[in-house]
Every structure is written in structure tokens, then in C-alpha cells.
Amino acid sequence: MRTLAPFGRRRVAVAGGEDAGAYRLLHVDDPAGPSPSPGQFYMLAAAEHWGAGADERPYLPRAFSYMADAGGRLGFMFEDVGPGTHRLAQLDAGDELWLLGPLGEGFSAPADGRRALLAGGGIGAPPLYALSAVLDDPHVRVDALLGFRDAHHARVAESLFEGTPVQLATDDGSVGHQGFVTELLARELDADDHAVVYACGPAPMLEAVRALCAERRVPAQLALEAGMACGFGACYGCVVALADGSYMRVCVDGPVVDADELAHVPAH
Amino acid sequence: MRTLAPFGRRRVAVAGGEDAGAYRLLHVDDPAGPSPSPGQFYMLAAAEHWGAGADERPYLPRAFSYMADAGGRLGFMFEDVGPGTHRLAQLDAGDELWLLGPLGEGFSAPADGRRALLAGGGIGAPPLYALSAVLDDPHVRVDALLGFRDAHHARVAESLFEGTPVQLATDDGSVGHQGFVTELLARELDADDHAVVYACGPAPMLEAVRALCAERRVPAQLALEAGMACGFGACYGCVVALADGSYMRVCVDGPVVDADELAHVPAH
Amino acid sequence: MAVEFCGIALAHPVINGSGTFDAIAARRAFGDAMLDAFPFSAFVSKTITLQPRSGNPPPRLWEAQAGMINSIGLPNRGLAGYLEHDLPRLAELPVPLITNVMGSTELEVAQLVESIDARAEVAAIELNVSCPNVQTGLDIGADPRSLGSLVRAVRPLTRKPLIVKLTPNTADVAAVAAAAQDAGADAVSLVNTLRAMARDPGSGGPWLGGRTGGLSGAAIRSVALAQVAAVSARVSLPVIGMGGVAHGTHAHDLISVGATLVAVGTESFRDPCAGTRIAAELKSLQIAGSSSIEVNRSEPQPEVDLNCADS
Amino acid sequence: MAVEFCGIALAHPVINGSGTFDAIAARRAFGDAMLDAFPFSAFVSKTITLQPRSGNPPPRLWEAQAGMINSIGLPNRGLAGYLEHDLPRLAELPVPLITNVMGSTELEVAQLVESIDARAEVAAIELNVSCPNVQTGLDIGADPRSLGSLVRAVRPLTRKPLIVKLTPNTADVAAVAAAAQDAGADAVSLVNTLRAMARDPGSGGPWLGGRTGGLSGAAIRSVALAQVAAVSARVSLPVIGMGGVAHGTHAHDLISVGATLVAVGTESFRDPCAGTRIAAELKSLQIAGSSSIEVNRSEPQPEVDLNCADS
């Protein structure tokens, strides 16, 4: 699914920000924007002091999946991993953002009565949460399987996914299953594989999901990541190689892609 | 007079900032620094977000004369005229600065019983105020003549120069004499020209002071300005032409110079 | 603000830099609203080659200080794919089209120019000469002689305005521009990106799939201004100036040193409507300033005996 | 961290870029504390010319995006003044001295090299060749042939290590470096500043007294890294890498692509002790990283047929 973006970035106000475990949640008012489709993303940049951080960066806007969308208020969740997210993590109510979007191709709903299995790793959770919020058809069973580094990172899961049964996995076992989220996924598919898998997370996790679903012949939709400059197909920078040897632009052809279009999920 | 600077910039805390009319006053704690000499200056840069302002600037530190120095607390006064001063004007108590100094050659006290006439224009006031604070010898008569654009800009003069008689001039006559500060200076020299003139301000004003004092054969010390990159003689960027055709580096040979070393005060 | 460029009437002087705005992809993202508010007064295509190219392996982007490095590698459908698939869609844009082409041999370039010349939808042709000469290894665009012979060879093959896009990675860009003019080019455009490199923080090897890449954006603005000034002073051809243009003042600077048009590249990534904004800012500057800008096409000459860039 | 450079033992690999640190002026500002905490493992003088030069008219500085443009114009006391006035003072520094010289003719350079060679206080000589060749008009350092003949002419005049400082304003800096090596240079240093320009916001004319100037600082970091990598891959000489170094990681990048020493220029204006800080950061990176850095002096070669800097 793709909702068209208005042409041009919008200067919008931050309604509030909160720390949730290891992550930062940012609530942004976008009254002029349309209601996005799960899996779509926005390009964000702080309106003030965007730059002059570590190594005189950031310079380009940064891509973020939206997590929530209620009456023109968008929710984002991210971790401070570099100068861009570091600057965004400083923003609070009243600060302003440049926002472009919604961008890209989102998820498509499960067909022919399949159940929805949402498999997320770390900052892969946001688009899955957005998806769970729209999969409110009582006939569609939805389960969320979320992997995190540890309990500190997993804390955010509590605040999310109301109404959706959630299973947690952590690397250190400090909460939920100790191990990979793909182990939870395998278990679920053993139980009932008439399913569509929706996955977002670090490349190795997505690759494990891809391999597992390929082997089980279960359709999977992967939300990919790639370094981006523009987010709307202008720079050709965000490519990922497809099984047929051609490249897709994650920002316009994705970020959501059918797993069987990929031979593997690349590291960057 | 020159106080040597410790080698290396210091990360210091802003004790407070206040708006005074058109100007911003910044109070900075510099416990590790020596007590500077009037006319000396510091290179300042915000510790955070120095850059990414208008036109992706500032990048280099900025030079500011100190205005006050009390027990390791330095006072600066400036006007927001570009990205550097704009950023510095955002700083408040608790924010941090990179500070290098004190730098340059300051004023020298009046000799053989001469009176001190302090002639300032706009942001030229700070070094003169620092000077007035040390000219506390009861036998030395000190008068301050300060020129400003208008009453709004002149307001800052009130908070300064306690104990020193001040005469104001404004371009629009909204307070004090309507006209140039040099007109006040000429009047004072008519009355008693056994004086040393200390001047700081915009180039045209300094040039007028230089010409007046040359004609009256009154010694004058001018605190010059020039665009700077380093502030300690490293870049050779801050030069002003001397009467003998050679160049002086304002940061190490100045900023204070005897007026008769100059044929004229250049525009930049 | 209306301006004429090589006989083409344009609504304003701001166009896009080749490869920095994909109008077809933008229409997918923004819909037809993008057509109504199209940011540029002419549209320059990404570089087209004779054969299809998939481009360089990722990663293709590195964020630099006030700029970015790209090693995209000229992905394109190839001439046939462009003519069949892209051109009809581009023809729906509300502005004149400029097709940017590159070939590694004179023969290739000749084929490209001939086939584009045959298409009425295209208003002008831009030659990207930032690619290595098979003999010298130097970029064709860095060597006045090889550039001259290339332009002389293809010039007769088209009646459309022929623009030569110069590389900044050369000792004397004005000499290259003069060679293009002598060989019959109708205009020159500059600057292309500055050769640059970034290391992978992890592996320590080159970050970019193409190993090296090209620096663009604000970081190169003052280098571009110097080169556009030098070229404008040397040649009488119209000049398209680009490199780090992000505000009307930057466009105004380029026009003041002699550029007829200004192109926006990297800034469109930060603001897809940058072209519209910059054209508006430029307009108010021109109204504010001496009605029309007083252009100075004489090269800035140092008064000093030894003029050393470094000091 | 101790390193040997052309037979000179240095405490660490970080030195200053010529013309970016005046040790004599710094001593006036900071006193002898500056000697005890001297930031560099060797000191490179500002460029010395045969005759005294007062330099370019002001303004000489422009702040650019993540960088600065200078048109200082090589002010210096001239050879005699340097030998008599500066050298004795510089000899009081706790580190080896490198004297940087420039001449506009072979004869001038020869006189400079011979007289510096006679002074025991000087450990090495650096040739600044970023100045126009009187015949070609091109910078000598942009043209392998004229550079080669210059170096060949002066090489026999000194037993001291001879370093050639390369300009980045050229199409193929590695070819120039190779010419320096063939002509007998002991080392090369790069990059000098990128030719750049700024307009006076008021008058609209050139801002800088020298009309054009040189861009330095963070903005040129990735261009410098590409050129140092290309040169290190081509020549076997030790390389002094510089351009936008502000942190240990930047020094580490240059050393990883083949530089033996790293020079700090503009960053010293922002932080006079940058040399000390960068050397310390570099040390901890080298300890953290694979004990000693694995240096890769093979030029990054694109896997792609057409490698275009721009895409």
C-alpha cells in the first residue's frame, strides 16, 4: 500500500517526546499531511541545528518508519545511534521538524484468511506496530514476535501492541525467550503456517526470516533499510540487489518487498 | 598591556545571559584563566551546535573583548549580527563555551597626568568599560563618551560605567546629543586636551577619532577589529595596513594600536 | 525572471543537476501534484549510456561535512530503454527537456547524440565528459585536447543546443571550457562532483561500492563559484553554474560571476521543492538588487605577483 | 607512536601544515608554556620566499561551509630575514624543523634550497609548488613535466630530505607525485588548499583581497583522503597527508591509506592544541585497532567499467 505524499517538506511541531527504555518516542503534529499506510516512512530533519554534530554531521534528512498515526499526530520511535538520531533525540514539545512523506511502498494485508505473524527486531518494531493497529479485522489472527538486546530495550514493547498478543525474545534472556525472534517464528509456523510473515529489523534477522519463510514456503513481506539521501527516488543511493541481479531503490520500490524477490538480505 | 593566555582553549560554563536593549550580555565562569588586561579579547565558540546556522556557519571561533572581570567571572557584550553571535545569543546559564584567551595587546594607562577620554561606538563599549574599571586612580580624570544608533541601543550604557561620567550621543537624538560621538570628543578636547583618547567602535568612527586626535596632536589608542580565524597569530588573516605600508596582525600586534601608527582606519 | 538559454525560453533560471531529480520516481511518490508545482524551468535527465547500466554496488552514499559523496555509477536503462520507456513520460513534464549522455568512445557518444537528436521531445543535449579517456586514463573532461576532438566529432550530428558538462577535477577548467567552445559547443555546465573518498568505519576499507565517489553539496560551493567565474571569464558561451546551491544568494552569486542558468542538485535531496524556493529567493534578490544583476564576466585577477591558492 | 620520517625520529606522526601555526607569535600569546606542550612532533615553517613579501591586501579570510577560504599571499620576511630573525627563535622549539620554501623560477628555488641546506637547525626542506609557472601559467605543481624539471634541478643542492608539497588543483595528482619521485624527491605532502572564491555580500565583487583563495578545513577532508590514497598507491615515497584533519579518526584514515605523517592546519585555529589532542586520539585508536594499523597503499580501483566521480 502507498499513500501519496504532498509535494514538498513540511515544517511541523513536535508535540512531545519521551524516553522508553533504550528508545526515544517522538510525537509530531502533521495536520496538513495525509494518513499514511503501515510500512511507509518519513524523512525527518530538525529545523534548527541540523548539522555541526559529530564530524560536522548530520547534513541530509533521516528516514523513519511511522509507528502511530492518530488524527494528524504521527509517532516515531528510534535509538540514538549517530549524529542524526542524536539530534532528533534532543527534540521536545515546541521544537520544530522538517518532515517529508509518507514515502515508499507499505505492507499489504494478508489474503485468503492467512494469519499475520509480525516479526520485529529492535527498531524494526515501529512499522509492525503501525500494521497491527490497522489489522483490526476480527477474522484475522495477529501475533507479534519481538526480539530485543535485553529487558532494557524490550521495555518499549509493553507500551505498544495493546490488543495484540506479544512474545518477546532477548539476546541475554533477561525477559522472554533467550535467543532469536526467528526461533519464536519457527515455533509459530510449526503450529500453523497458513500465515503471512511481516518482518522488520536488522539485516541478519531479516535474512534469517527470509530463509526460514523460503524454506517453509510461507509468504513474507520484509521492510528493508538502506542509507538514504532523498527518500523519493532522486539519488539512486538506497539500492538493494534483487534475486534477478537488478537493483531496487528501497525508498520508492520499497521499503516493503516480497521476500522471494531477494536472494538474500544484504548487510548494508 | 598583555596578560599571557594559558596554552589551549578551555571548556567553560555560562553563568548567565541577559538582554540589555539591543545587546546580549554573557557572563562566563573562567576559574582557570588569568585576570585579563583591558583591551584584550577572547575567542569564543559554543561547545554544542557551533555550525549549521545560516549558510552552514559558524565554523571558526569568534573574537570578543571582555567587558568585565570579577573573581574569575568574565563579562561579554555583543549584538546579534550573524550566525556566530546569533548562536552565542542563544546561550544561557548552564550552557558551555570553548574559550581561548586573554589574547592580544591591551590599552596602556595614561602617562604624565593626562586625563582619560573613552570614546566608544556601539559594540566598542566593552573594552572601554573594562578600562574604566581599572582606571581607579583618583588623580586620573576619566570621562566616557558613547555613541549609539538610538535610545534602544544606548540603554546598555546605563548598566555600565558606574562611577564614570558618561555622555551619550545617538544618531537619531532619541537620547543625549544628536550626532557623532566625535563631536562630543572635540568639545572635550576644546575644554582640555591634556588627555589620552581610548577609542573602540566601527571603523568610520575610529577613523574620525584618529583624524581628530592627529590634528589636535592628542595621543590616542584605538582598539581595532578585523575578521579573525585563530586569534593568536597563526593564520595571518587579520591584518590592517600601517602608515609605513607594512601590515599588523590585529590579534597579536593589536587589537590596541597607537593611532599615529595608522595612516587611516580601513573599512574592513 | 524569464530567461532565454540557447534559444530556449525558460520561466526562470533554475534547473536541476543531472542525476539529482528523477521526475518519474518523484511522480510515483508525490503524484501529479508534482507536475503542477514542478520546481525547475527545464528538466535535465540522468546520464544515459548506450547500453543499460545497473550502476555501482552499494553502499553508494556517504554523508560528508556539509555535503555528501556518491558513487551511483550511472544506472540507466540504456539509450533504447530511455527512448522507449522514459522519454514519453518525461515529455509529460511542463518544461523543456535536456538529455544528458555519456559514452566511453567517440563512436558511442556519436550514436547517443544522433538518436537523441531525432527526438522532438528533447530541447537540448548535455554531454557528461567526467569519464576516463580509454587512452590517457584521464577524464576526457580534464584534458582540453581529447575533449575538443570529442566535441568536434559529435557537433555536426545535432542541430539541438549542445551543452558540455565540465568536471572540476582538473588543473585549468577554463582551458577545457575554451576547448569546448572552439569545438562548437553551444554552452558549458559546471561543476560536476569533486573526486572524494570515505573509509568504512568498520572494515577500514573504502566505504563506497565504487571505492571513490564524488563530493557535492554546500562543501563545494566556494570551489564551484571560483570555477564558474574562471570559465565565464574565458568563454563567451552561456554557462550553467552549479555546486552547492541551496539558497537564492548562492544562485545570485553564480549569475553575478557570469552564469546564465543555475542548477540545483544535492539541495533537492534535502528539500524536493528547493528549485521553486531558490527561484523565488533569487527573484526577490534581483528585484532588491540593481533591477537586473550587473554581471561581471572578467576573471578575478589577483593584484599580487605570486597568487597561491593556499595563502 | 614514535615514527621515523626520512631518517628523522619523531615522537608521534602529527605535525602542522605550513602557514597554519606561527610558533613565534604563539609564544608571544601563550609564553613558554607553549614550548613545553608543543602540539606537533615537527614544526613546518610558513612558506619562505627569496624576497620579503607583505602578502595580499585584506580581507584575507572567508568562512565557508565547514571550512574557510584564505588569501594570505605568503607574507614573510624573505630568506635573509628568515635566516637571521626567525630561524634562531624556531631553533628553540623542542622538535625538528622543516622549512617550506617557494620560488617563481628554478633559480629562486635553487638559492632558497642552497641557503637553507647550509643551516644545521633545519632537518628537512619542503617545496611549495602551488604557484603559477611563468611559461605555462599552470601551477608548477599541477604539471608533472615542469615539476619534474624543478625538482631535478634543485635536488642536488641539498643532502637534507626534500619534501614536495602537492596542489590538489590538478587532474591527476598521482602523476605529479610520480614525477616528483622520479626527479629525486624524498617525500610528498598533500593536500594544499582547493582553489575557491567568495563574493562580497555588499559590493558583489570578490570578497578576498587576492580575489580567489584556498579552501581548507573539514569541507576538503574527503577530497584529501582520495588524493592521499591515490598518491600513496602510485609512489613508494613517504607521504604527509593533510586536509581537514580535526580528530584522531581523520588522521587514522590518512595513515590507513598510506600516509606516514599527518599534518593539521585549520583545526589549529579552532583549537591551538589540536595537534596534541589528535595525536592522543590517534594513539588510542591504534592501540584499540589491530595493534599497528594495517596500511593499504594500493589504489582503490572501481570494479565498474565507467567510474565517474559524479555518479
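Brief remarks follow.
Labels A, B, C and D are assigned to the chains in the order they are written; within every chain, residues are numbered from 1.
Note that in this section contacts are C-beta pairs under 8 Å (C-beta built on N, C-alpha and C of every residue); 3 or more make two chains touch, one makes a residue touch a chain.
Predicted model, so just to flag it, every value in this text is computed and none were measured.
Chain centres here are C-alpha means, and the one lying farthest from subunit C is B. For this structure, the chains sharing the highest number of C-beta contacts are C-D.
Averaging C-alpha coordinates per chain places the centre of subunit B 47 Å away from that of subunit C.
Centres computed as Cα averages put subunit B at a distance of 35 Å from subunit D. Put simply, the C-alpha centre of subunit A and that of subunit B have 55 angstrom between them. Contact with two or more other chains is made by residues 19, 46, 55, 57, 64-67, 70, 72, 218, 249 of subunit D. The set of subunit A residues that touch two or more partner chains comprises 51, 55-56. Interchain contacts join each chain to each other chain, per the touch definition above. Residues 66, 218, 247, 249 of subunit D touch subunit A in their complex. Residues 55-56 of subunit A are the ones that touch subunit D when the two sit in their complex.
Of all the residues in subunit A, the ones that touch subunit B in their complex are 49-52, 56. Looking at the complex, you find that subunit C touches subunit A at residues 19-22, 24-26, 28-31, 33-34, 37, 46, 54-55, 57-61, 63-68, 70, 72, 75, 217-218, 266, 268-273.
Taken together, the subunit B residues at the contact with subunit D in this complex read 2, 4-9, 45, 51, 55-61, 98, 100, 103-104, 226-230, 232-241, 245-247, 249, 252, 266, 268.
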